[in-house]
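Several structures are given next for inspection.
The two complexes that follow have subunit A in common; it is paired with subunit B in the first and with subunit C in the second.
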Partner chain A sequence: MTGLTFRKREEPAERLDLSPLTPSRLAGMAERDIAALAVGTSRMGLRVGDVFDVVMGDAATVRFEGGSHRFDRIGEAMETGEITVEGDAGVRLGRMLAGGRVGVSGSVGAHAGSAMTGGVIAIAGDAGERLGGPLAGEMMGMKGGTITVGGNVGARAGDRMRRGVIFVNGTADEDLASRMIAGTIVVGGRAAATPGRLMKRGTLFLCGGAERFAPTFVDNGPADLLILKIMASEFTRGEVGEVPFDGRPMRRLGGDTAVLGLGEVFLPL
Partner chain B sequence: MTVDTAWIDGRPATLEDALQAAAGLLDGSRLPFVGGLRTDVAGLRSALSLARRIGAVVDHRLSAAIYPFIVAARENGAFLAAPAEMRRRADRVVVMGDEAAEIGADVIRMLTDASPDLGIGTRGSERLFMTLGSKNAASPGSTASRHVDCASSEIVDVLGMVRAGMAGRRSGEGALGEETVATITSFLTDAGFCCIVFSPAEFGELGTEQIFGLVADLNETTRASTLPVLAAADAMGAALQATWTAGFPLRFAFGRGAGEHDAALNAGERQLSGAGEADLAILIDALDGAAPAEAKAAIPTIAITADPASAGAARIAFHVATAGRDYDGVLYEPRFGSFVAKAAQRNSELPSAAAILDALTEQLGERARDAA
Partner chain C sequence: MPGVKDDTVINGVAVDDGFAEAFPMAGTALQITAVNEKWALEAARSMTGFATSVIACGCEGGIDGVLSPEETRDGRPGVRVLFFSFDAGGLEKQVTTRLGQCVLTSPTSACYADLDGEQKIDLGSAIRYFADGWQISKKFEGRHFWRMPVMEGEFLCEAQTGVTTEGVGGGNLLLMARTTAQALAASEAAIAAMRKVPDVIMPFPGGIVRSGSKVGGKYKGMMASTNDAYCPTLKGVTKTELTPEIGSVLEIVIDGLSARAVADAMRVGIKAVTELGPEEGALRIGAGNYGGNLGPHHFHLKDLLP
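What follows is the complex of A and B.
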């Protein structure tokens, strides 16, 4: 049985809050009730039926046919099921995700995976600023689960990250892993300056190197660690897939000693 | 001779016609933007009230200058002092960066003009100054000042080295040598009460967090605080008023009734450039003193301004009086860190921004009643 499909009619003139369209919230709802769900963010009061053609199906899988950079909050607080977006998505994709899977074929806006605790987010294109990061006033960013990005990520990916894994195939913009508390980030391409600013703990693999580090990252020399081989093999077997390091020795930096200094950064030798 | 006070598409109009035309534009708008916000407390109150009624996005024209401070303070906490207390208590002052001496000249003068007379450890001491930046920012009148030359872009890294050293952790090679970093460290740690004067806009969100973090570290062993100086004092006043009115320091939207905050999506620059979702802007510019020229808005505008020549291609324009100059106004004053009343210096026949905004809100109410 095919999933429940939202087919975009035309590009919306305003940002849409699509957080009500998760599998658990749509389960058992009639088509008329789904079409009446409010998704607008202006005083026009837009509803699902104003923006999408709804094709009913098993709500355990929700599909957006045609995306938009204004499709915000897709998969917010989802606990189970699957959402796929054919196209782009807006801000806060998979925010507070607890389980299930969110897949996007295009690129997404800021705060994807913000404060998520579990599940998987797979973005084929680029991700905007603060991937996995907290919203204003929140103390922690990503707290679990896995995010994979096929393209590049914007500034401050992994901000205040506490647990979980972020894999970026492309490059990372400035201040990757700022204020990181723990967790693991793997970047295939180059990281702009200055990765790890104010990070307390956590692990970065910067396989394409970095523009520069703050002087509060101390070079520990080459590290030939068994854990690198174990991690590479575990990533390959899991959601992340093949990673651009294979367990061979890497150069290790420790930092940011301005705060606690227990974070580690691995670079190619 | 009568003075024109309102224009429709550049042609003089009566106030009533202009208000009706503006209300017509607002009625047809999907998502209006209320910005500029260069006005007094009464004007801001009226602007926020109108914004709530029309479901608008709200931001101040110069909020980018205060956001590094707001973000760092709300996400990590901050040691903040009143200038008047630092004038009496601080025995050491660090003027950090290249912008502070210029933006905070008044505040720095308050510190150079007096010596500490409060605190057991600081009372009666000579006040020592250190400037850390690429220019010597020593203030006139202070002979007890030393300068450490450091490019502005390197200061955040140097402060990281200071923090690492204070905690007994290692750091690598930075812009300044170990000896100079040790000199800065001892200047801070040997103080009875150290005060850091800096411009958050110069150092950005993470840089400002580094400075607040350094002051938090210093307070483990001594006393220290900060005086962040802001280039846009009225933006800070608007942010405070927006917070007590709608719960957020600007950059929020009333589209769904209650205010919803997003510092990136609701930024005025984004909305006025046409990249946002707003389709009509109300821009308020009714304070004395020049503000940086605003980029031409890509969406239709209703201008409420003390300088009609600046209204440009606004669809509707209203000429209003300047708060605190043409009539008594309450404005944010950075030297006090709060709002102060400012008496009028001359008489004016022009209406206040608040009066125009309230009349516009009233006009919208009448139209809604007529339509019902």
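What follows is the complex of A and C.
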């Protein structure tokens, strides 16, 4: 049985809240009930049936044929199953994701993977600012799971990240891993200024180097560590896929000593 | 002599109509790696030292096998070690103490879990405080590691390892020969073959016990004492199990992660001893038991003939 498909008719006139369209919430629902779900965010009161043609199928796999930067909150708090977006997605993609997989073939807005605790988010294009980060007032960002980004990420990716893995194939905008509590971020391209600002713990791999660091980072010198080899091999075999380091020695910075100072940044030698 | 009346004789070596009586144990497996095989073995030997008998050592441990770089988690030479104890709690206490004193301290070493299981015991999670606050936890791809800065560099250790309660301790073979040299030759042949069987260890020195024991003794508080029925110097003065031509007996004790692994090891051990023959090796193969009422695992020698 094929998945449950939402086929976009045309670009919506307003931003949509698609958080009700997760596998567990759609399971067992009739087509008429699904089409009646409210997804609008204005007084227009848009419903699923106003925006999408619904093709019924196994709700464990949800597919959006045609994306939009106005499709917000896709996969929010999802616990199991799979969501695939053919195109772009809006803000808060996979926010508070606990399990399952969310895949996007295009780019996504801000706060993708915000405060997620498990599961996998795979974004083929770019991601907006504060990837995995908390919303205003929240104490922690990403707390588990894996995010992969094929393109570039906006400012403050991994803000207040507590656990999990973020892999960015492209570049990272300013203040990557700001206030990071723990976890691992791998960036294949170059990081803009002051990555790791106020990070307490955690590990950054900046394989394309960085514009500059805060002066409160200290140089530990070359590091020939087994964990580099283990991470490279486990990532390659696992959800992250091939990474741009292979276990050979890297230059290690410690910081941010403005706070706890137990974080680390690995750079090419 | 009840053990010999229905003997099977293979290549001149008699195999008793008896059985080894073994017991359930909690077991685990670890992978120790190092910059080369020499240092992996140093760490493994140190960790599995003084782990011959659970009664006095708290656990039984040994080297299961040497691992090639292709078989290890970090692509370096390694050694697989097994440990067994009465329960998971006792096992954890012994493994973590030995990990901290023998592997953490050994140059270039790293330690990984090598057994899956729903029940876990701590490895790095138990000894991470040695790093005095500088320890680093890394969780990724379903694995959890602890990194501990040490003077040499960094000690990498998996947080936990799996435990099986399907382990079996106390499989055994008694190799009876005319002389000590022949008993030793038979035992060494058996050990060489048994070491190729995965998931088992022979925890005594070189895999061989010269002082097999019986339960209890004449002195108060003795949990075990010499197995006088198999002591050649006591023939005639005790209720012996030995015929007059037997001049020396050595025992091989086998612990395994499963009953099948123990049976496989005993099978190849018997085969090696019978192939060696009575002139160079043992005249007779037996097995120790306690009448069959104590241990649930009975390995009948006749079921394990080559």
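We adopt the following convention: the second predicted complex is superposed on the first by the 269 of 269 C-alpha atoms of A that agree within 3 Å, B and C clash if a C-alpha of one lies under 4 Å from a C-alpha of the other, contacts with A are read in each partner's own complex, and residues count from 1 in each chain.
Note that in this section a residue touches a chain if its C-beta (ideal position, glycine included) is under 8 Å from a C-beta of that chain, and two chains touch if they have at least 3 such contacts.
Treat the numbers as computed from the prediction; the structure is a model and nothing was measured.
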TODO: For A:R43, select first, second, both or neither according to whether it touches subunit B, subunit C, the two together, or no partner.
DONE: first
Open item on the list: Looking at A:A136 after the superposition, I want to know if it touches subunit B, subunit C, both of them or none. Which is it: first, second, both, neither?
Closed with: first
Task: Residue contacts with subunit A in the superposition, subunit B compared against subunit C - done: B
TODO: In the overlay, answer first, second, both or neither for which of subunit B and subunit C A:T257 touches.
DONE: first
Open item on the list: Contact-wise, after the overlay, does A:K229 reach subunit B, subunit C, both or neither (first, second, both, neither)?
Closed with: second
Task: Contacts of A:A89 with subunit B and subunit C, given as first, second, both or neither - done: neither
Open item on the list: For A:T216 in the superposed arrangement: first (subunit B), second (subunit C), both or neither?
Closed with: first
Task: Partner chain in contact with A:E239 - subunit B first, subunit C second, else both or neither - done: second
TODO: Quick one: which bits of subunit A touch subunit B in the complex? Just the residue numbers, please.
DONE: 13-15, 40-44, 70, 91, 110, 129, 136-137, 175, 178-179, 194, 197-198, 213-219, 256-259, 261
Task: List of subunit A residues in touch with subunit C within their complex - done: 163-165, 182, 184, 201, 203, 224-227, 229-231, 233-235, 237-240, 262, 264
Open item on the list: Using the touch definition from the top, list the residues of subunit C that touch subunit A in their complex.
Closed with: 73-75, 110, 134, 136-143, 145, 147, 153-154, 156
- [ ] Report the residues of subunit B in contact with subunit A in the complex, numbered from low to high.
- [x] 30-31, 54-55, 71, 74-75, 156-157, 159-161, 163-164, 167, 169-175, 206, 209-210, 213, 253, 255-256, 260-265, 277, 279
